[in-house]
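Chain naming follows the written order as A, B, C and D, and within any one chain the residues start at number 1.
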């Protein structure tokens, strides 16, 4: 059973102006409590500590991914493309809306520390005993399974997968524009309307009309710029590292049997890796922030100190490493111990390439569906074979090593002059 | 002691592009933990439940007010206006930055329920034992007192007061632009750069050059539109009412000696009206949201139910009342009791004029410094005497009554048909 | 015969991002030489002498009006409104595209001096022996007549007329946004997307859903602001007056039998009021500007001097008149004669209310179709009866007298001190 | 004599919001008739035939270059950089304002056909008997010579030259932003405010702080995109080629002694290469367009036909050539002769690399001052040695061959099928 709303509903959205809802199922999903929970999870984790405008939630991003998908499909239908599977419309829209519903608070750090995975959680929320599951089942008993299939990329239709998850998908298009808008940087802007106009379904794939190549180049350059200017910004990395240290310390303490003065039930379950979907619902960034606030009074000095730093935004300083001089770094580590700090928690050598944002690199192991250009002779070519600029961007190696450390270490009296000089204090 | 930073610092800001910091005092204040706390308090309270982009914090607004003040002063200095008191520059900047530092979580509802006042708290944070006080005292031992004087509008210089708090102040100019940007509405935009160019100090007051009248008209129309489109949006009012009911219920329960399963210390102190500045620091929206989440499991049904509604965004419905038909409203109230709901918590007749946003109305009791135009003959005239459009806006009476109630009441079997029809169910 | 293009065509447009063409007829009309001629006629006449960005042509505006009409109709079709006459789609689009095709160079001044009227010319171009007529006839032999009927507002369907010409029509919506964009002022922006969403056909009229009232208020306030800030800007009026004086002088000279050293054929025909559609085609602003340039060398001193002033932008100065002191103005006129200037050409008392832009005033003789709100009870109310702000704007009387004169007169030795002081020299 | 205006003047500008004038000399220069003439010359020549918004004039661009230069200098002065030569302020501003004052109508084509050069003309207008020269001489008798020195890049101070003419100069920064704004493309936007903040004078050069590298990368990518999307757009090239053919035909006819029915004096002088500064003043795009209009009635068929095509926008079609198959192209040329068209005027093989816009390529013969990064150790490095993305862009070879021809040739009955197929008809 699929029904249309008697009257289109809209959400005011700063990025797309309006988000249009025409299907009852979409409307119900947005109002489901598991989806409303995304309002309490920031799209960019700790980036708000670098870019104070970046407070936007995964709720707004999810609506945006839905809206871009809706626009693409509406263009497919208007043009009556024969290769578009009309019957998959609602599936695409639901998967677009729900693909991030399993994100928890500060996902990247939490996932790294506790081994959870948001995609799995999205599937669980879609498949287990939830309001979202009940709404989806109303469409068709097998519908939740199909939505989960798209989210986990196992659904057997590359057009459906390609819309939600590829090198040129609705997910990325929304987050580049949205993150650019809320951080206030210019880099992430590209001509969305033009890209929407040049994508089309073709022989089972989403492809791009050749005449749209420059628009795609522009989109890929935006990605490249956002990557370096926002997603890998060293101050954001510093906040992320601090967060990781807090979670790591808590995990070690829990394993050692430490009794926390404050430990809410869902976090307890997360640490024991026994989270149910019901528990997961209660895990949000408000809770985590309250926990960090309470933990500033924990008797474990390291945990309390790290939480205080996070809360008051006393982030670690950083210095770029031109090459990895391991003996020198070990000397720093030793001096940190001498200065009374546990270097496992107060020092980090970071190389930002292990983050979940990627430059477009066809051929990589982990690659997503590549971008294919369709020329007038109806031939397909992967874009980097046609565009020198894409080839150039794809070949650029990623990242630089940075050393992170507390400012109070760099100025500590026991630290030798050469290290102080190196740390720039 | 006032010192300039060796190198200007900047914050990327979506509204002003960049925020420039040149003074060491300003830099230190921004990094003070009491100021960083503003990151955890939303500028628009519950508006994010209506406009999903409106997640921006009071931290970003406070930086914006500072930046506009800095730009105005820098224009005064560039033009070497003789009536500008050069020695008040840092005072104005600090007061602009700190005027909202006393805002707590969901200020409007909390203040109304518990009788606190953010302006008083701003002064206490400036004057009592805080990092902010220590930073201000470094300028001069009497400096905190002067900053507090500007915030409480008792400082004896109308130019200083006028910049931070008047009908055309840096505070309003920033929030109109910022709230318009993050909600995504167009209404709040006006030509800031032009207004900055036409304001000037003149015989102890901030006045506007006559040639800037149309720019000010545009600004006042923006205010009018934002007022009705955003600040008094009935869905936002609905969320605000629900929040007020939660806090009111909690207060009543506390007074009745109810033992809360979850009651963090700072909230306890708030309810007992014994908050210290130290306690106040811990009160933020993350904490409040965690509390509401925990309270969904309280044994008091009303409190638990209201919290569940807030968390899952099951807001009250509303219907506009063309006039106040008291007997009819009493009948509704009676039927609510019959339907098993306590109308003190599930029904509200709202008239949004009692909110802290105001249309410009010279002559009102509570009026702020009016906007004075300076003509070529160096004569001053209050703007509404010159501008018909301002006169028109000022004369517009405010608001409309709305009745708020739960959707499940409107569809309850015990409710008579005429009431159901009236409630539109 | 109506056919769709095999592939949608687009124009990049700064205001609407893209303009979409789907009908072969529209595509052919845009490429007709009579339509391409609009590229050589500025949308805002002499406003570029005040706002240097305002160089945009009537070509771009006409495309914009077409695009807004297309969007409205596409929304009507998507919502399957029963009151929408589906068969009128192409008629509306063609009339929207062509309604301004009869504009000549510097229309307002030329029309005033020579008694032409652009609407009549639009109809002649549609009906007489032109490429445009041939393209329209291909649709249906009676089609040109129907298009002309819409342009001259005699077509018997208010929905069709209302889209192209009413208080809330595609024409105004495009020009407010476009003129705001190219001049760079903020005033003209309003939420076009929202307005498009709330208009609908209803019982033979275009009406606005009640919930869109605030968006319409915003649009009317934009009009009010653009009116004063751009369309009636005194510097633009000054350029317009100078232009009128040039044309007036040329007309008088021609009537007196003066032999012009340079007088291109189409201009000759205009002055003799014997223009054919074929002649009209050659009249554009490039020609007029070349004529003014050549005329700087005419032996008639007044004509040569006025042209030199226009070309080098040596505009008349102005001073606002608080009231019409006729004897004083006559004294100025006498002194102008004494100073050797013909006051018929060097002095003007201007009251800008006689311009073709109007504030929304239901009830005026010349009024266009008013804006009707449709409420939930399916009742219609004229907007100013519901909106206090619209009522306020409608009641505002228009304009102020200004005296225009050359700067060299104001500083002429023969002018008495009191007049000099009044003229501010 | 240098004096400041008693009150700052402003121009409303869509790109920079406002343009501020503080110096009397600048104000007078803007009002000089030779500068006002730039209003009648489009910034982008024939691009308005591709992008209908691109009607903006060289007047607005020149103001923009001035404004960016003013902002940079004001930042230098605010930061009190010791390497900034304070006494060169007015020289920089005047040179920025006037560097394009010698541009004639449709410069690129006219210069190519008649061997003029706009830079030389800028210098002549500055140095010969003009209002501009008189205004400059009021500053100092040698001032015109110094301004001309900066324009011709012979002035012995690289900081002054670098501001007005280098790989990162005020000229390019303005035109990228301005052309992007008026065409409506997104590609040309970059973070101007950030770039202004990171440039500084250093040991006789303009350099960029290392931390600004990403902003400069973004600027260079914008250039790359604008290059391909706007400046080399094949439709614009087509209009440019048509224009070149018209001018070329007129030149040949003039050399053959053909008597033109219409030939205004300044154009005559241009063709005889005897233009004086006084004549040059009268050459503008209004004149050229009137000439083309008159020439549609010339008895020379080729000239009349080409002018008709230009005026009615019946541009040549084009097809991309993957490689230069000379015999095949010769066959096309032969068939064009057979079809009765002179291939010298109706066919062109175009390779757009010979246009005056360039991608940044340090090392090229004609290179401008390169972009140098200044790191913390006060060492300078050319940017492409630090940025892989710049290196990539610099290495990209330019352009592609296109064949241009009239649509009516491609469909001519005498043309063989294989050529028709190749031409896509």
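The working rule: a contact is a pair of C-beta atoms (placed from the backbone, for glycine too) under 8 Å apart; a residue touches a chain by one contact, two chains touch by 3 or more.
Labels paired with UniProt names: A, B, C, D = HD domain-containing protein.
From a predicted model like this one, the values you see are computed outputs, not experimental measurements.
A.B. asks: Determine the set of chains touching chain C that also touch chain D.
C.D. replies: A, B
A.B. asks: Have a look at A-C versus A-D and report the one with more C-beta pairs in contact.
C.D. replies: Between A-C and A-D, contacts are more numerous in A-D.
A.B. asks: Indicate the whole-number Å distance between the mean C-alpha point of chain A and the mean C-alpha point of chain B.
C.D. replies: 32
A.B. asks: In whole angstrom, what separates the CA-based centres of chain A and chain C?
C.D. replies: Result: the chain centres lie 50 Å from each other.
A.B. asks: If you average the CA atoms of chain A and of chain D, how far apart do the two points sit, in angstrom?
C.D. replies: Measuring from centre to centre gives 43 Å for this pair.
A.B. asks: Find every residue in chain D that makes contact with two or more other chains and list them.
C.D. replies: Where chain D meets two or more other chains at a single residue, that happens at 17, 185.
A.B. asks: Per the contact definition, I'd like the list of chain C residues that touch chain B in the complex.
C.D. replies: Within the complex, chain C contacts chain B at residues 185-187, 189-191, 214, 217-218, 221, 224-225, 228-229, 388-389, 392-393, 395-397.
A.B. asks: Along chain B, where are the residues that touch chain A in the complex?
C.D. replies: Counting only chain B, the residues touching chain A are 11-15, 17, 31, 33, 36, 39-40, 48-49, 51-53, 55-57, 59-60, 63, 181-185, 264, 282, 284-287, 289-290, 293-294, 311-313.
A.B. asks: Which residues, counting only chain C, touch chain A once they are in their complex?
C.D. replies: Checking each residue of chain C against chain A gives 8, 10, 17-18, 79, 193-194, 197.
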